[in-house]
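Next come two complexes, and both contain subunit A; in the first it sits with subunit B, in the second with subunit C.
The block that comes next holds the complex of A and B.
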C-alpha cells in the first residue's frame, strides 16, 4: 500500500515533467534559420528597434534607413566601399559651369513596384512633399542647399515653382543650388532624397498629410531592389526581391527579413544560435570573447561619428578656456578605448573623424597631465589657488556612457585633483537638460549625415540648433561661411582646418574617441563592405557558404 | 446582486477610469522632454508644425478635454512615435501576443504549481516537501531577468533545443512562458500546499482513507477540490498580471507584445500611446478585480451592501 502510494505521487509529478522533457527532446532542430537562409538567399538582419514608419520623408533613425535602402532608390546610390555616388535612377548627370545647376538624366527602365515608370516629375513631387511645412519632416533641412528650398519649408514662399527643382520631361530633372555643395551627389543617396509614388501618396491623403496608411504592405509602392512583403509590428519586416527593379539581374538575395531586436544580449544570443546573419551591435563585454573564439564573425568597421563631451561655457569655472583645455589634456583616451570600449575605436586626436570626405584635421587633442596642471594653476585653481567649484558631468542612461564617465571622473580627480559629480538621466530628460543648458559638462555623440566635414563643423556656428555649449566665435562662423561658399576642395579644407583648430583651442568640446561600428556578421554574408556611413546597398549583398 | 453590479459597472468603474485617465494625462506632461525631442535638434518651425498636427499647441486643459472626448468616442488617437499607426491598431496587434503568452504561462503555473503543492503537502515535513518548497522560494526570489537568460543559456545555447528569441513557431513560446510562469508556479505551489495541509486533516479525508481508497484517489478526488480555493482567489490578480504582458520577458525574448509598448511609450514620451496602454490595462485590471468582487459578493452577501 505504501509503495503504491509513493508510485502514485511520483506519477502525479512525473507526468507533466516527462511530457515537457519529451517535447524538448523532440525539439532539436536540424537546420538553423541562418543555414536555411543561406540556401534560399534570405538575409536575416537584427535591426535594433521597430521602425517609426516606412515613409522615407518621415523617418529619422538608422534602423529605418536600413529598410529604406531595400525599398527605395534615389537618383544616385552610394557605391559600397568608398561611398562614391554611382548611377541609381539617374543614369548620368551634368554640372553646369556655374557649379550650381545639376541636370540628371533618368533611365527609361526605372519603374515602381506597381509597374509605373519612375519619372522626373515623381522626384519633383517628392521634393515638394518633404519640403512642405505641413509634413513636418525632420530631415527637410538636408534639401536646403537647393535654391528656395529653405524659404518654401519655412513658409516664406508658397509657390514651389520658385524652388530650384524642375522636371523638364519624364527623364530630365534639373536642380539649381543656392550655394556650391561639393557633397551634393552624396546627399542624394540619403533617404530624404528618395522618391515616393505620387499616386499612392495622393490616394491616402494630400501631398503633405503626415502618417497615412500608404506604407502598409497592401498599399505600399517603392522603386528599390526589393518590395515590401510583410510588416508585422515588433515582429518582422520582410522584403522580397522586386521583379520590376531596373537592375534586378544584379540582385542575388531573394528576401531580407528585418527583426526589431532592441536588446543587445538578445541579438547576440540570436546570432550565436543561428537566428540572424547580422546584428546591429555587440556589447563591449562580449567583444573579447568573439575576438578570441570567433574572430571571423566580429566586425569593427570605422564609423562616421565622434563621441565627446560638450562644455557649457556660460558656467564658471568652465567659462575659462584654460580650464577647458586642462580638462581635455587630463583625459587618457587611449586607456578608455583599450580598457572600456575594446571595439577598436581610435582615440580622438581632433573633432572631425579623420578621412571624412577626404579631410584630415590637424591633431590638437592629446593627453598631457603636466600641461593640464599648469593650465589649471594658471586659471587660479589647484594647490595655492582657489578650490575648484562643483561641476556636474551629465550623460544619458547607458552602461557604456556610465563607465566612460566614471573613468573620466577618476582621471580628472587623479591628474587635476578636481571632483566632478556624475549625473545620469533618462534619455528624454537628458535631452531636455542639454537643450536648456542645465548642465556643466554633457556627453554627446555626433554621427555624420553625409560624408563631408561640414556635417560635423557647421553645428558649432552661433545659434546652431545643436550647439548647446553656449560658445560662439565670429572667426569660426566666417570660416564655415567661406567653406560653404566655395567648391574648391583645397580652399574648403583649409577653412575647415582653421575652423577646427580654433574650435579645439577654445575647447567648448572635449573629443574622446571616434566611433566604430562593432557588430557580428556571419561569414556567409558577402558584399557587406565596411564603410563610414554603415550603408549596405543590398543589391551588392549575397549569401555563400 | 443586480444593484451591486450596476453600481460597480455604471458608477465605480467609469469613476476609477476617469481618475486614472486624469492623473496619467497630467503626470506624463510633467516629465521633462517631449515626443519630438531628439539628439539632432528639430528646427523650431518643424517642431511647431508637429505640435500643431498633434494638437499639442493648444492649452493643456483644452488638450485634456479634447482627448477625453476622443477616448469616450473610442478613439485613442494616432501614435506620436509611429505616425502611420493608431494607438488602437498597435494595441490590437500586440495584445493578442501578450494574452497568448500570459495564457501559456498561467497554464504552466497551474499545472506545475498545483502538482508540486500537492506533492509537498502529501509528503509534509519530509525532504521532498523541503526540496519543493525551497525550489518554490527560489522561483519567487529569482527575477525573470535572471531566470530568462539562464533558461536561454541551458536550453538555447548549451543544449540547442529551443529558440532564444522570436515569436514565430510553437517552440518560440516555450522559454518565455516558463520564464513568465515560474514565479506563479512558486506562489501557487505554496498556496496549494497550505490549502491541502488544512484539508488533509479533515474528517472526510480520514473517512475516505478508512474506506480503503487509494492515496491518489484521496488526493485528487477528495482533497484537491477544497485545496484549490486559495489558488482560485489568487488567480484573479495573477491572470491580470500575466495577460497584460511583461516588459522584461518580452524584451529578453524579443516578443511583440504589449508590455514593450507600455514601457517604450513612456521612454518615447508617446503621449497617446501611454494614455492608450494605461487605459487599456486599467480596464483589464478593474474588470478582473470586479469579477473577483462579484464572486466574493456572491459567496458573502454582507459585501453586497458594503
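The block that comes next holds the complex of A and C.
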C-alpha cells in the first residue's frame, strides 16, 4: 500500500478562522463532539484525505482502507491483536491435501445491506471484476496466486471459467491456487478480496466499468458491519451500524464519522479541542509535549513499513552501484530518527522490516563516511576526479519529508561533497513523475499489505508495477520465484535473505527507517489494539468512559 | 509654501525642485528612520557571508530547535540551523526579488504606459484593453503555471512577479502622459519640430518621475509579500536556500512548539514592509507636485 504523508500547507485564511471557530465552539458548548460521541457510541476519526473512491477494487491508499473495513467484509477478517484470520463471511474453510485447493463454506445469514444474501456467486463475480483487464485495478496482482488469474488479467485468456474460482452452490466457494501461498488467508482480509453486490454494479455500468455512481450513498450496497449513511465531499463520510449484518449483536458502535483532515496541525488541534477521537498522524514536534503532558493519548504502534529512497538506476551517475552504495553509506539514519522524527522509529538496517512474518534479513545498511568517500572516489568522483552531476531528490509535499530530505541533502553535501536539488510535488504529480521515471532519487514509503516478506520483496522484480527504479536482476527474479513456489518456511526465508542481500548490494533503494505509527487516541476508545498493519476492525471497537 | 505648479522642461530648474523635495523628505522622521533601517538590513544581508556566524545550510541535528542564546542569537530551527544566519541569507533573496521584480515592472509599465498615453486613439485602446484583460487574469495562477512549465529558478521568479506587477504602473504612467500631452511646453516642443521619441524621453518622462518612484517604492513591499506567498506555497526559492517567506512558512508550521521560528522572521519582514511604505509615503509627500502642502 502506498504510504503518503499528506500535504501540510497551512492555509493562510483557514488557519486563524479555524482556531477562532473552534475557540468559539468550545466556549458556547459545554460538551464537545468527542464527549457526545462517547455517550452515543459515535466514533470520530480524522482520516487524512478525501478518498479516491469507495470501491474496494479501485482504491489503493491507507485512508480509503480505513473506510472499506467498515463497509465490507471479506471471507475472513483479521482478528485485531495478532491479525490471525478468523471467520468473516466464510464460516469455515478446508485446505486440500495438495496444499493448493481451498474450500470456503459461507454462512447462511450473511446478507447485503439491501437484504440480499451474500452468496459464493457474489465472490466469484467480484474476483472476475477485479481481474478484468478493463477495470485496471492496481491491486489485481494480489490475486495472481489464483490459478489462471494472471493470464485473465493480462488478457491471454478471456474465459473466466478457466480461472480457479468456482461457486459450487450458494454457500460453497472453491479456489485453486497455482502455487502454495502460506499467507493466502491473510490476503483474503485485504480489501481487494472484498465482495461487491453484482446487481448494484450491473445497474450502473458493466462489470468492468470504472468509477460509476454505485458508490454514492443512495446507491451503495455493502455487506460490512456498517452501512454508508452520508458522503459529503471534503466534509464527512458517515457510516451507521448495519441492521442486516450477520454479527450485528457484537457491533457496539452506532456510527463512525470519517473527516478528511489533511493537515497534521489541524487534526492535532481538532483532537485537543474535542473534535475527533483518533488522528491519523502526529507531527514530530508535538510528540515530546504529549509524552510529557498527555501520555495516555499518545500511541506509538509498531507499523509494518519502510521509508526509503528509490534511485533511478537508468540515470548517470546513479547507474553506478558504487555511487548508490556511497549515497547509502553517507546517510546517518540514527540522527534522523532520533532528532527529527522522535517517534521511536528504528533506523533501517535492511529493507524488509525485521520480524515481518517471522523473517529477519541480514543487516546490510550502515553509516560509514570513510567507506562512502572511498567508493565515490573509486567511481571517479570527488577530489581529483570528475565533479558530480546534478541530481534531483523528489518527495511529495509534507513537512516531514521536507525536513528529512533537507537533512539527507546536507549529509551528502558534508560527507561526499555532492549537491542535490530538492523537488517537492503534490501527491498525484509525484506519483506520475515516479511512474514515468522522471526523477533521480525519490522518497517512497511502503506499508505491507499482509504480514509476509513477499509484500516487500516481490515489488522489485523486473517490470513490477511498483518498481520505478528501472533496476532488475535475473538472479533476484528467480529467487523471488523460488520463494513463491515453495511453502517450506526455511527455504522461502533463505531465498528471501539472498534476494534482499542482492537488492541491498545493488542498492536501487536506500532504506532510511522503519515506520512506527504515531498518532493520538482518546482513552475512551476501547478495542483499538496496536497491530503491525494498522487494521482496526470496527466491530471490536467501542467507546467507554 | 505655496503649491508648486511649475513643470520641468529640462535640467535648469529641476535641481531646485529636487532639492526642495529632498529637504521635505529629510524632515519626515519616520521615512528617514525607515531608510536607515532598510540600509542596515540591506547591508547586513549583502555582507551575509562575512557577518553571519555560521554557514546557512550547516546543520546540527543533535541540537535541534533551541531558543535564542549567546551562541545562536535568534535560536535554531528543527535541523539545528542558526536562525540569524538564515535570516541574513534569506534577506538577500527577499531584497533581490523586491528590487529586481520592481525594476522589471517599472521598465515594462513605464514603456507600455507612455506609448499608450502618447499615441492615444486606437493604439491606446488596444494596449489598455490588454492591460484590462491581464488585470482580470488571476495572477497567482499565472505565476504558478509559469513555475510549473519552466525550470524553477530565481530569475524566473523575478520575471514572473515583475510581469504581473507592471499593470498598475502602466495605468498610472498612461494617465500622466495623457495629461502632460495637453500642456503648453509639450505643444511648444511639438511646434519646434522635435521628434516624438525625444519629446517623450526628454520632456515627458522626467515629469512623471515623481509618481513612478513613489509607486515603485510601494511595489517593492507588494512584491516581497508576493514572494513570501509563493514560497509559502512552495513555489519560491528551493531549499536549503531560504527567503523570509520560506522562513515564515516553516515557522508557521511549528508555531506552537517553536514560536521564535515564526516571530523573528515575521518581525523583520513586517518592519521592512513598514519602512518601505513609510519611505513611499514620504517620497510622495515630498515630490508629488499635486499634493497640497501648507
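To be clear about the criterion, the second predicted complex is superposed on the first by the 450 of 545 C-alpha atoms of A that agree within 3 Å, B and C clash if a C-alpha of one lies under 4 Å from a C-alpha of the other, contacts with A are read in each partner's own complex, and residues count from 1 in each chain.
Following the convention adopted for this analysis, a residue touches a chain if its C-beta (ideal position, glycine included) is under 8 Å from a C-beta of that chain, and two chains touch if they have at least 3 such contacts.
For clarity, every value in this text was computed on a predicted model and none was experimentally measured.
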First (subunit B), second (subunit C), both or neither touched by A:54: first
In the superposition, subunit B vs subunit C on subunit A residues touched: B
Which superposed partner A:431 touches (first subunit B, second subunit C, both, neither): first
First, second, both or neither for A:233, with subunit B first and subunit C second: first
Touching partner for A:286 - first (subunit B), second (subunit C), both, neither: second
Subunit B versus subunit C as contact partner of A:109, first or second or both or neither: neither
Touching partner for A:340 - first (subunit B), second (subunit C), both, neither: second
First (subunit B), second (subunit C), both or neither touched by A:272: first
Touched partner set for A:211, first subunit B, second subunit C, both or neither: first
Shared subunit A surface residues [contacts with subunit B and with subunit C]: 8-9, 12, 265
Interfacial residue positions of subunit A with respect to subunit B in the complex: 4-5, 8-9, 11-13, 16, 23-25, 27-29, 50, 52-55, 58, 60, 133-138, 140-141, 153-155, 210-216, 232-235, 259-263, 265-267, 269-270, 272-273, 275, 426-429, 431-433, 435, 444-445, 465-466
For the subunit A and subunit C complex, residues of the former touching the latter: 8-10, 12, 15, 265, 283, 285-286, 289, 332, 335-336, 338-340, 397, 399, 402-403, 405-407, 409-410, 413, 421-424
Residues of subunit C touching subunit A in the complex: 57-59, 61-62, 64-65, 78-80, 229, 232-234, 238-240, 249, 252-254, 256-258
Interface residues, subunit B side, partner subunit A - complex: 31-34, 37-43, 45-46, 49-50, 53, 78, 81-85, 90, 93-94, 111-112, 115-116, 118-119, 122-123, 149, 152, 155-157, 159-168, 171, 174, 214-216, 219-220, 251-254, 256-257, 260-261, 267-269
